[in-house]
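See structure below.
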């Protein structure tokens, strides 16, 4: 195991530290190897009820009739919940940071917008009864035209599936988040080469081994204690409180030991309805996703499309980068509008490019609502940008690392989002990677540093 | 049949903290009669290591061994607010909040020690051993347990502190996209060596070289876990993962870990990882966030390595054997 | 909803328990996922775990394997060492300690690895029912299953001579995955020339497929690049590949000849 | 729908528990006996987090109807270090930073324990094969395989 930290670069002042910088044994390792770490589902309650959902079988349809009588006849079924049981049925999780409108129902009222959308919650003594009950709910649909791709969603005559009248999120009157820096068209005209390529990425499931879930336990003092594997305790508590109504301090959320999150456990999707079920029955209620639900119902990383157009000089300097990107929100906004803005903020990648234009769309379709995943808004962007750099290097017959070093951003550079860069180190990680892999760099590139612009033919 | 070898590169940066800020975290800390400082949070550990890293930061600030720090987290009745664990923010935000709280607690600790040792707080020092001592006369010292008992029962002093870290939120300018998205940027360069079976399109990742710059490393072993665990996830993203194998058609959707094709233990590539430190101006002891970026650069590095090996340029992820083989067939025709 | 799990101590009692609508369970790898996660219609399950029909006998080079013998037990038996490549690419160790050879006959492709092998081995299936026992060719069971109320009690097959059994299962990862395509073959050669050939394909239909065209292309020729190439192409005619989460029909057909050759000639 | 009394010898202790029809061994261990070391990741045999030892063999306990193994001997992760000191294998996982979220750890330890019981000096490939039924989404497996090899070596070192 090679020594991890190379202290030759940026020799810091870390010598007088005692604990920071040392490989302290994981505080949770002992519990993990003895099987005694407490995950939310390891709370064993004798009289716990189980909640299962009856889910939509259609991509996009009106709900003509929802008949729960069959479910109520199943032995062990205690309660059934529909939208009528949800005090504040319409929400969007980022309303906590000012995003609107509240475009998502906890349980739908007149239509479903994606296959798998929860319609009726069935609460029963055992999982088997809840599953049976959920299967006995009868729903009569009237299909509506479904929009299943982003391209389709943005065409002129596409059916509009969102109440605000567009199949994309509106950013302060614009259909997309925008970056306008310099003049890309002018720069394209001056460039020796112009390359435009397209990249696509399909949805990815977080697939934590522990599925999303919670147990809500009514407390003697009338409050509700939510045992949850959420990644964000108060974010979940506040959103849940807004949905179920009543005083915020009625809720307590405990957890913090999560069997893998990767961004998939911050959707506040199981806690609200489980709280309502606990209030309705005055008994503990567990609502945990099956593996099938985690795979096809829980949020995924969004499908994304990038079109990257670069103006490049013969010597490899990139003078213009125009990026059009489409991130699929699926049926509801969720976190995607934030992810799109984060994607735009990331552009044009770790390079100083004087002219940058970005149009980043948050697109709605009749598909499983997407959510944040590790590298939210950036992972698929980096796939596009770093494949683009490889293609430029090939086209110019330039060394791929030297092309990146030539364009790498440095301290003091103005980024496209107008922030002055500081603490840059792209040059150094590339140089160190070249050293690690025996990759020869020309002398001028060896000497480059993030601290100065020496050696860059600006 | 031949196996083609290729190498690919990718270099990336990644922001620390929720985009555009507005994501505070708070920490409370107090000593008990056991001489141990308890940190109260509502932050979560998804396996990224918060429960280990945060006590290290508190121990460093207090000047105590980490064994004298306890972390009590994720109870919204007892732990102060935290925005949540995502956006590579926890070490940075919670770390800064804990430093602020620990500094206040340390000051109270030094003041009580000064009373016990008959000296001025400014004359006192710690060396991580658990003792507070007069810098010029180290024999005049008191151990943290005795100090805590004196504080509780003799001097009536609470050894506690409060901390919060907030990067103010600013909305982007709609017309230009001007915004202040991050507290600092981490960096990485990944080099991937792959093998392509030109008869089946199967790609094997032989080795991943992971070079990172993460500001100050708080715990090297945990940093390696995130770098190499993330690089593996990047390989999984690159070559295997899709919830819709026939996207955009919604057919044959995987329902479990059998059908959702993921690489297994046999697919773990050899890895060599190196970290360089350029301490950040905003992070706790210069730390930057790492959790979210480590799956990113491997994807393009692997895609570029496939091109280097067999000339097939893959622009749709995942790079399945079918896509590689269709590319090879197209090159041949 | 499930109401009763019978654990009969004998086949006869299992047959009695198998009345209206009871579902048979071998290792549980098919039934328990349904019981655990789905609303099930059946109300009774009959487990064969303790019905006394496991164990391996080899007499005069004919193996008889009890229906509830687990895949792991087969993998541990030296007398059936030729099946080890099949066992090692069959799911994972903790699952192999549960899955049974009898149960595997009913698993659709691209699962059912042992159905592919037993068809290549020209196995016979012993079936017990209310009207007594019968022996039937494995092809029949693979194609039509058994009648309601019947129980597979054993499978028997000639142990192939050294060097005559060939097996390859192409997967998306090296262990614990379903077949993209699989090839199982028993080829008897004399003086370097193939005298008889039984070749079966997995991932080439909802059930294991006898690759008769491929067999025909092999018989009478030495086992070399030329004959195997011809047989590989012929195998495509036998196959009806399909789309699923692991691979598309296009991809299965495209790589079938490659894995066919690698199964018979290595590489 | 009558429940039944089932007897199991779990981690060396004779236990009796009342089980509903079709209850899995995993459900019996967790809900019946409060042994929550074995985890439910999928309940369909695809994740390995519920692996325990049944009569000496590693099995996916979610796929075993507990009524069909009345009287069996079961070993769970809680039985590895019942009275405190960790086994070499567990210590190797701690020292080797082979855990992150910890949800897959119990199942992998059981699969590894089963391997070492039969093969005290496994090759890397044999370790990889032994845990090929367990999904880990955090670590990328290498630290886990290294820890199993280190645990095996330490155990051999002790007994030799």
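Note that the chains are named A, B, C and D in the order they appear, and that numbering of residues resets to 1 at the start of each chain.
Methods note: a contact is a pair of C-beta atoms (placed from the backbone, for glycine too) under 8 Å apart; a residue touches a chain by one contact, two chains touch by 3 or more.
Note that this is a predicted model, so its numbers are computed, not measured.
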item	value
Chain whose Cα centroid lies nearest the overall Cα centroid	A
Result of counting contacting C-beta pairs for B-D and A-D, higher pair	A-D
Far-end chain from chain A, centres as C-alpha averages	C
Chain A and chain D, separation of their C-alpha mean positions in angstrom	33
Geometric centre distance via CA averages, chain D-chain B, whole Å	29
Euclidean distance of C-alpha centroids - chain A vs chain B, Å	17
Chain centre separation (chain B, chain C; CA means) in Å	47
Set of chain A residues in contact with two or more other chains	23, 25-26, 28, 128, 207, 257-260, 262, 290-292
Contacts with two or more other chains, residues of chain B listed in rising order	45-47, 49, 221-222, 224, 230, 233, 253-254, 256-260, 262, 264-266
Multi-chain contact sites of chain C, meaning residues that touch two or more partners	1-2, 35, 37, 174-176
Chain-level touch network, classified as line, ring, star, complete or other	complete
Partner chain D, residues of chain A touching it in the complex	23, 25-26, 28-39, 41-42, 44, 126, 128, 206-211, 257-260, 262, 290-291
Contact footprint of chain C on chain A as seen in their complex	74, 128-129, 131-132, 134-135, 290-292
Residue numbers on chain D that touch chain B, as the complex places them	41-42, 44-47, 97, 100-102, 125, 128-129, 131-132, 134-145
Chain C residues touching chain B - in the complex, by the definition given at the top	170, 172-178, 243-248, 250-251, 254-255, 258-259, 267
Residue ranges of chain B in contact with chain D within the complex	45-49, 221-222, 224-225, 228-233, 256-259, 262, 264-266, 268, 271
